Amino acid sequence: MITLRYFASLRETLGRSSESLDIFEPHTILSIWQLANPDLALPENTLTAVNMDYVPRTHLVHDGDEVAFFPPVTGG
Amino acid sequence: MITLRYFASLRETLGRSSESLDIFEPHTILSIWQLANPDLALPENTLTAVNMDYVPRTHLVHDGDEVAFFPPVTGG
Amino acid sequence: MTVKICEMAFEPFVEIQNFQNQLALEGKFGATSIFIGTMRDFNEGDDVKAMTLEHYDGMTQKQLIKIIATAKAKWQILECLIVHRVGDILPNEPIVLVSVWSAHRGEAFDACRYLMEELKANAPFWKLEKLATNETRWVSKI
Amino acid sequence: MTVKICEMAFEPFVEIQNFQNQLALEGKFGATSIFIGTMRDFNEGDDVKAMTLEHYDGMTQKQLIKIIATAKAKWQILECLIVHRVGDILPNEPIVLVSVWSAHRGEAFDACRYLMEELKANAPFWKLEKLATNETRWVSKI
């Protein structure tokens, strides 16, 4: 099982902040998005993290990972 | 009459912090130094100010001016 | 090297003073460079009356610690403190504090600026502004 | 825009907080960049136990005001405060404080650093160090 998390405007767009997904083999970040959100293309400027580190969309996600999707950050 | 002021290590070398000098025509800074300190060449790295603004050694000093000589500054 | 995430308003000068008091670096630091970001009551031409700062708890801390480690590898830093506010914020309240202690000023200045720029680029915070008109909008990257 | 020369030890964070409290800039500043220079107990490989800071009273203030005017012409600064200590100083005591308030961080950072570098280059202060050996020496320009 992997955990998906969504933040800020993306969380609002999707109407949820987290969910779980069972995967039976490694998937890329992009493939995980498509499994979880089949009706919405991953927005171009979305940042992606696995286990709280930034990763590219081609990164392979394994069982147990926490995968996060969020818009550009605006702290400080 | 002009006022001469000396600071920091230059003040210590000369053994005085200020003095007065009567001048009857404009003199350059360098000429003022030579009038006041005939036995000592103006040290190369000395900074010079007239009325609390930095000026070059060729600057003309007039009656009533305050002329200062000091080593490189080390504040902050 | 300390990272704090605050859900309530904080007093930046009290934070710095308290942190400095327990450092045991008396006589060792010659330079302290500090940046404080404060909420304005205007942004991009509009009046703003409040803001909510969302963050990715856990990733925020992990990214800030990583940024500090990179700064320590680049400059001789004795200590640093980062405090960042989250939750509901009003104009004139501090949002972020970055403070760096070092022996010499060049390193303190450079490291403080680096930490602040990296924080803005990489730490997962998002600002939701509430305008004077009561509309809300997510701040977008400048 | 305030310049203060202090003959007694000062508390930098109290100075900044008090100055900021009377600014009437609530909601207008988004960025504060601060530098504090503190006396170390070592310099150029030697232990230092005290220092005397001499200055050219009057010219100091005139030069600092001139430096601030130049910074104001270069960057959009809302306010700035410069405090500099003179007289007898002990390790761990603050020597100089420069603080700049502006709407945006780039200007605050740039102006604060500029003020500090110009102060070091042009303000007529001289440091006389007293070493652990009781020798005294004038600090020379690095």
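Going by the order they are written in, the chains are A, B, C and D; count residues from 1 in each one.
Everything below uses one rule, namely that a contact is a pair of C-beta atoms (placed from the backbone, for glycine too) under 8 Å apart; a residue touches a chain by one contact, two chains touch by 3 or more.
Keep in mind it's a predicted model, so treat the numbers as computed, not measured.
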{"item": "Joint neighbours of subunit D and subunit B, given as chain labels", "value": "none"}
{"item": "Remotest chain, subunit D as reference, centres from CA atoms", "value": "A"}
{"item": "Centre-of-Cα separation between subunit C and subunit A, whole angstrom", "value": "26"}
{"item": "Inter-centroid spacing, subunit C versus subunit B (mean Cα positions, whole Å)", "value": "48"}
{"item": "For subunit A paired with subunit B, centre-to-centre distance based on mean C-alpha positions, whole Å", "value": "72"}
{"item": "Residues of subunit B whose C-beta touches two or more other chains", "value": "76"}
{"item": "Contacts with two or more other chains, residues of subunit D listed in rising order", "value": "37, 105, 116"}
{"item": "Every chain pair meeting the contact rule", "value": "A-C, B-D, C-D"}
{"item": "Contacting residues of subunit D [partner subunit C, same complex]", "value": "13-14, 16-17, 26-42, 91-92, 103, 105, 108-109, 113, 116"}
{"item": "Residue ranges of subunit D touching subunit B (in the complex, touch as defined)", "value": "37, 53-56, 58-59, 62-63, 84, 95-96, 116, 119-128, 138-141"}
{"item": "Touching residues on subunit B, where the partner in the complex is subunit D", "value": "5, 7-9, 47, 49, 52-54, 68, 70-76"}
